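Next come two complexes built around chain A: one with chain B, the other with chain C.
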Partner chain A sequence: MAAERDPPPPGDAGQARFGEAEDGEDLFVGAVGALESNPSSPEPASLPAEDISANSNGPKLVDSFLDDDPDDLFAEATEEVSLDSPEREPILSDGPSPAITPIMAPRIDSTLFDQALEEEEDNGDTFDICISVSDPEKVGDGMNAYMAYKVTTKTSLSVFSQNELSVRRRFSDFLGLHSKLASKYMHSGYIVPPAPEKSIVGMTKVKVGKEDSSSTEFVEKRRSALERYLMRTVKHPVMLKDPNVLQFLESSELPRAVSTQALSGAGILRMVNKAADAVNKMTIKMNESDAWFEEKQQQFENLDAQFRKLHASVESLVCHRKELSLNTASFAKSAAMLGNSEDHTALSRALSQLAEMEEKMEQLHMDQAYADFYLFAELLGDYVRLLTAVKGVFDQRMKTWSKWQDAQLMLQRKREAEAKLQYANKPDKLQQAKDEIKEEIVEWEGKVQQGERDFEQISKTIRKELGRFEKERVKDFKSVIIKYLESLVQTQQQLIKYWEAFLPEAKAIA
Partner chain B sequence: MNRSGKTADTMEGSGLTISASSIKVNEATLDEDTLVFSITSQKLSNGMGVCVCRTYEDFEWLQQSLFAPDEPDLHGVIFPPLPAKLIMSPQSQINNKTLKQLGFLALGDCCRTYCEALELYLQQVALHPILSKNKALETLLTNTESPGKQRAKKGIFNRLSQVMEEKRKESHKDVDDFFQNERDNNSNMTALTKVTTERFLDVVLAEQRLSVASKHLSSSIQLWVNQEDSANAAFSKICLKTSKVFETIKRNFEKTAENNISTLGLGLDLQSRYQEAEKEMLFRRTCKLVELEAANKNTERAKANKKGIMEEVRNVLEKQFDGMSSMARQEVGRFHQSRVALLRTALVSWCEQQLNTATEIAALYSEHLEACQKLPEE
Partner chain C sequence: MPTISQEYKTALRSVSVDLNNDVSLLIDIPDALCERDKVKFTVHTKTTLSVFQKPEFSVPRQHEDFIWLHDTLVETEEYAGLIIPPAPPKPDFESPREKMHKLGEGEATMTKEEYTKMKQELEAEYLAVFKKTVQVHEVFLQRLSSHPVLSKDRNFQIFLEYDQDLSVRRKMPRRCLVVSSRTWLKSADEVLISGVKEVDDFFEQEKTFLLDYSTKIKDSTTKAERMTRAHKNVADDYIHVAAILNSISAEENTALKKHLDKFSDMFEKLRKVEGRVASDQELKLTELLRYYTRDIQAAKDLLYRRARALDKARLKSKDVAQAEDNQRQCMQKFEKLSESGKKELTSFKGRRVVAFRKNLVEMAELEIKHAKNSVSLLQGCIETLKNC
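Our next item is the complex of A and B:
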């Protein structure tokens, strides 16, 4: 006999199943960031927007790609088409990707971070901000519909204009925020918390208006994920002060983050850059002078594998618990029927009580399954995604190193060219050429120095970030295990009450 | 008839020298591919212990021996149901077929549940006012040689041999309201009990799966911590604690399932089989009724010269039917009394055991919680 509610189809459990890697270069991936000209990001005037790549093999990208293209055919498309997979690296089309993009990313002043960290330490536990995401509401109809969430910030921090703020945001707004933060900070070595994932299946169901438990679950899962995402973001001392974050939490209106759509011009750009990145990763061989980084990278690789495995195990546990809940419901029903047909009065009563008790237990099992899921499975999922961000940061360091090396190479070439000029035979052009070369050499010397400084800076930042990450990791997991145990204790106490209530009923059978 | 032996061990003039409550089926050992059960009991007179080894065939022999076709009254007896044969696969794993056939009796460590079911069977035979007088039981419990070598008579117990047309008789209207009622109730209850038992089995199987999954989770976390060079010592501590928590969760499911099997599971299973036994007895009586009614008709239609013979036949049948019905009435009363008592015992011990386990586990969880709150964050 089927339970009243539809059991969520097994496919839903697969929504967050890792390891279901689609073939790597999926066309429609779009987890993060477009390169947008961001008016609020500081742009040091000294940076030329120029393709300085030694391997330049592509045309210089024109600005039109970077703006929201008015002729973008897909500007109105609201389909979110990516498939869940944390293996997708956050797609950044920012920063030095030697093959194609010009360098436009601003260099974040490291002192900003130091300051923020110091403040955090000085203030101790006055890190007082609490964000909640609630009240999901469907806006619109059909395939253009979307979910809007209420984002409430309660804080005593002075950087906010009020103590309590409330705005409405949709999913693409969150993605937009993440994309801005990623393009701003990631190349400097900051671990930017990843945004929750898109999901075709889940979202389509909601749009189509299917009001079953699986779409409610999906919305709840997403709401919870968005909340965790925001909390993680504001816990980062640098991100907390970022104007994008502040705007996100405070402004009643946000410009639509159109470029997060997969099929937009920005989406295509992301795809192209991802391919370029992949190629470059293979060709860059870094001479690691610092064993610490190598160790850390290995450590995180192991951690990643472990988390994924555990995540799969926990999801399996959740499935089994839901199954137990369903079976208990079935049993309760037949026990009730048995009780109804039973002639012996006391026995009939006891059987009916048994049925009621089992029904209550079914609910307990279900609640516990949700605890399993929302606490553990989602935590592990978040960390798998975070580790991807960590990997990204290591990659950025590698790129920075590579840039530095390239600059050194260039400098050397120029010097060689200068030396050659000494022995040239055309006196009329000689002086001009010599002057030019001298200018270029100075320029490249500057770049080499800058490259070295950048590399040192990013290494320093990463060390700090990893230190923070490790601390946060411990806090997060400890907090989850405690919450989980609290839920277990509560369930168990409830169970004891039920059994204690049933015992006299059973004994009363004469 | 309940297991705690609260009812009298001896029945008047029972002829059985063994105390019913002392009968224990202790364990089953595998001898090649035959299961051998060790049965102990005590003599009533001097409390001396007796121990014998029997195979399933011996039990079958007993069951067949209890039924004597030349004692028509015996047809009115509700025979204690013998569980189906347990086939052990070489790796002593339960296969699906066994699970389907035996349900709860297939679960539990080392055939423990099955042994308990056999034990109950023997005790019920020993407590039956009529059946306990049958020498076969004494033989089974005390003879040094196993009696099962004798080929058992094919019996009334083999319902599978019933032909389709006999099924029609099942719905044949009764002449007695008491029995009509009983037949209807029995039909209804048998079906409901069967379904309830199956669904409870599903619950238990799900619990067992959860136990395995939890253990797996606990072990893999443990393994990981052992292998990992603890770069983050605080994190490793948290993981170890988490592993222990899942170990406790596994224990919870394991014990809960065990309790379910050994109390309510067994109880429901027995109910189910006993109801089938009652059904069979009622069916036998119904068949006899059909025979009697046919004989009546024949007598009425018979020509003068045959009438006498027909009447003779009819009278014999009538006597048989009446004897059977009177026995049946007694048996039905007895049946209802004991099945309620049986279910009560099952429900009470189920509840008590689960309460114990729940309390134990709650304490463990609280311990874990305290320990986790003390975990260092650095």
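Our next item is the complex of A and C:
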């Protein structure tokens, strides 16, 4: 593999990549180039970045609607170049071979990518970025009001302009970010972290100005979800380098993402495409030649079903614990009244003490319910959504395969048409037709090769993504399980304190 | 159907204290059988009293027989000045039966293990209801046997001894009348008791106290029931979580497997502890409150009877001379009633305070024990996982 220039100094991975990005084109390409240059991959690492960029658009129709931002131009440009660039010729004729195209900016040395992976493995000593979402503030009045959140990024990564950044963002900004990342990366098989869900009911309460505990709970739930979403996004080595992400975290002003509204033109188109995808999924019957994928797909289907069940059970637990807290509060009040009514002095005092203790228990149970929710239930909720994204990449792979197959079919038809022409007897038009068909055949041969490369690339990407996903999953769950058990310990220890304080009071009844 | 072992019974005998100590008349319910809706109690008596034909004997009795006995005692005018121990409530298996039905319907949605565990839990609940009803019937008889006056009651003796079906002796129609007239009288009593001018400071105080306390304790009982039920629900949720974690772990092939195993195991262990916490709370707190709600009602009934007697005594005074004798009699009855009533209410307070103390102390001790157990289980698990 020939690199166009020497790899930048290893320690400065971020800098190097960012430095190349004089325009959006290069940055994107560079990032992907780094991803694919994994020396351990058995396939000839010949897939030039252009192949990825060609696919970045996916079905052209969709993109032109979804990418209603400057990236649009970039997307179109790359496709054009990759198809028509004269450099494609040598690729086609030599078969799989390392090819450098003008788009492909200086190839990032594979060692840099591995380093990024290692940095992650070192439990993030050098992967140093911490994002917090805080200070929800209501902006505006009535139905046009919205919540603005403060997004603070603390990092030592040099891809950022400062070590500490702070911006204000609203919920639709997050959705806009996700939408851009999804349209850019999903076709290539990347597992794009899903954004938190919309909630019309929850938001309406906030807009209307209902200042009760349910709306504060809703805002807190959302704040926490947004924070987790951003952390997951930046943990992804490819997403972290995306200009949209950087812009999101850094720019003080962000263009309003209107296409995220459910009833916008883009929203409706999204729904239409989702339906189309669902139909396609049923009609495409893929010949799975790779047992690994078949196995993995099944495994993730099972995991998805199980996680949904577990999520439901834990939500039930949260609900019952909240109920326990409320019933305890109710009992505490009743016991206090009983203590007041009791005419035996010592018993009266003990009952009052019991009531006070039960009041403390109420708070304890509520705290545990929050732990049940924020530690356990929300993690499961996140993973249920993530698994949907995982299932999505398998679907993308199927679509890519299907495109490849379609190209092969088309090529065959063209060849048949050519053969027919040989035996046609219209000599005047024959040469023109023959030339035309020859051109078309060349075109479709190119598409078939492209299709095969795309398929191989997406398969490779998915393997890597799944590996990463599993690693993250193991890490996340190991950490949460321990944190959750510790929360239970804390509750029980507090329980002991309360009962031990009460015991002498009970014994004092004489 | 299960029978009750002695150790369970001693553990359960919590709401009333120091009963069944008098060797001259020892009563217990060593056995009970549950058939469909009916529970058959075996009432066992050991006595040194000559009034009985044998020194030791057992008879089968149904719940209705206990009610008959209670009502008979209530109607006995001689006992108007006594607190008649409250009748045991009807055995109520409705809750576990309904839950068992729901479980059967939901069987398809859970794993075999989950179903088995839920079923075990329900069977335990069923057993707990059963044990409680036996205990409550037993305590009723023991309250009678330890009462200096009531223990000598002829009907009580018949109840203990008569070796044939009591329902023959029970005059059914009368009982129905008694029940309905009692409810009618109750509301009239409320009016009467609040209206009647009290002559005695002691009774004035008792009246104020009992009226207020009975409302409060009834409310506390309901709230305690809801609290224990919520606790049980949490324990049940632990079962489901443990089961699903187990299934996930079975198919897990990453480093997470061991963690999921231990986590699932922890939930399984914790649910047992939580279940015990809930049932201990039920027994020590809820059952205590329930019992004394009934007992307070029995004390209130005494006050009603006294109020009626006073009213009767005063009423008669409106009639002229020939009723003088009558009036004197009524007054005498009233005074006798008041005297014994005073004694009864005083000892009742003592009993109540002792029972509350015993149960609250025991509940606190059990809660501490369970929480310490949970802590050690959890910390052990965390240690193992951190070294994993």
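As a working rule, the second predicted complex is superposed on the first by the 386 of 510 C-alpha atoms of A that agree within 3 Å, B and C clash if a C-alpha of one lies under 4 Å from a C-alpha of the other, contacts with A are read in each partner's own complex, and residues count from 1 in each chain.
Simple rule for what comes next: a residue touches a chain if its C-beta (ideal position, glycine included) is under 8 Å from a C-beta of that chain, and two chains touch if they have at least 3 such contacts.
All of these numbers come straight from a predicted model, not from anything done at the bench.
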- chain A superposed: clash or fit between chain B and chain C? clash
- Determine, under the contact definition given at the top, whether A:507 touches first (chain B), second (chain C), both, or neither. both
- Task: Identify the partner contact of A:328: answer first if only chain B is touched, second if only chain C is, both if each is, neither if none is.
- Result: both
- Message: Contact-wise, after the overlay, does A:163 reach chain B, chain C, both or neither (first, second, both, neither)?
- Response: neither
- Look at A:482 in the shared chain and tell me whether it touches chain B only, chain C only, both, or neither; answer first, second, both or neither. both
- Message: On the A-aligned overlay, A:144 touches which partner chain: chain B = first, chain C = second, or both, or neither?
- Response: neither
- Do chain B and chain C land on any of the same chain A residues, and which? 299, 302, 306, 309-310, 313-314, 316-317, 320-321, 323-324, 327-328, 330-331, 333-335, 337-338, 341-344, 347, 350, 354, 470, 473-474, 477-478, 481-482, 485-486, 488-489, 492-493, 495-496, 499-500, 502-503, 506-507, 509
- Item | chain A-touching residues of chain C, taken from the complex the two chains share | 205, 209, 212-213, 216-217, 219-220, 222-224, 226-227, 229-231, 233-234, 237-238, 240-241, 244-245, 247-248, 251, 254-256, 259-260, 263, 266, 270, 349, 352-353, 356-357, 360-361, 364-365, 367-368, 371-372, 374-375, 378-379, 381-382, 385-386, 388
- Report the residues of chain A in contact with chain C in the complex, numbered from low to high. 299, 302-303, 306-307, 309-310, 313-314, 316-317, 320-321, 323-324, 327-328, 330-331, 333-335, 337-338, 341-344, 346-347, 350-351, 354, 470, 473-474, 477-478, 481-482, 485-486, 488-489, 492-493, 495-496, 499-500, 502-503, 506-507, 509-510
- Query: Given the complex with chain A, which residues does chain B contribute to the contact?
  - Reply: 185, 188-189, 192-193, 195-196, 199-200, 202-203, 205-207, 209-210, 213-214, 216-217, 220-221, 224, 228, 231-232, 234-235, 238-239, 241-242, 245, 249, 336, 340, 343-344, 347-348, 350-352, 354-355, 358-359, 361-362, 365-366, 368-369, 372-373, 375, 377-378
- chain A contacts chain B in the complex at 295, 299, 302, 306, 309-310, 313-314, 316-317, 320-321, 323-324, 327-328, 330-331, 333-335, 337-338, 341-344, 347, 350, 354, 470-471, 473-475, 477-478, 481-482, 484-486, 488-489, 492-493, 495-496, 499-500, 502-503, 506-507, 509
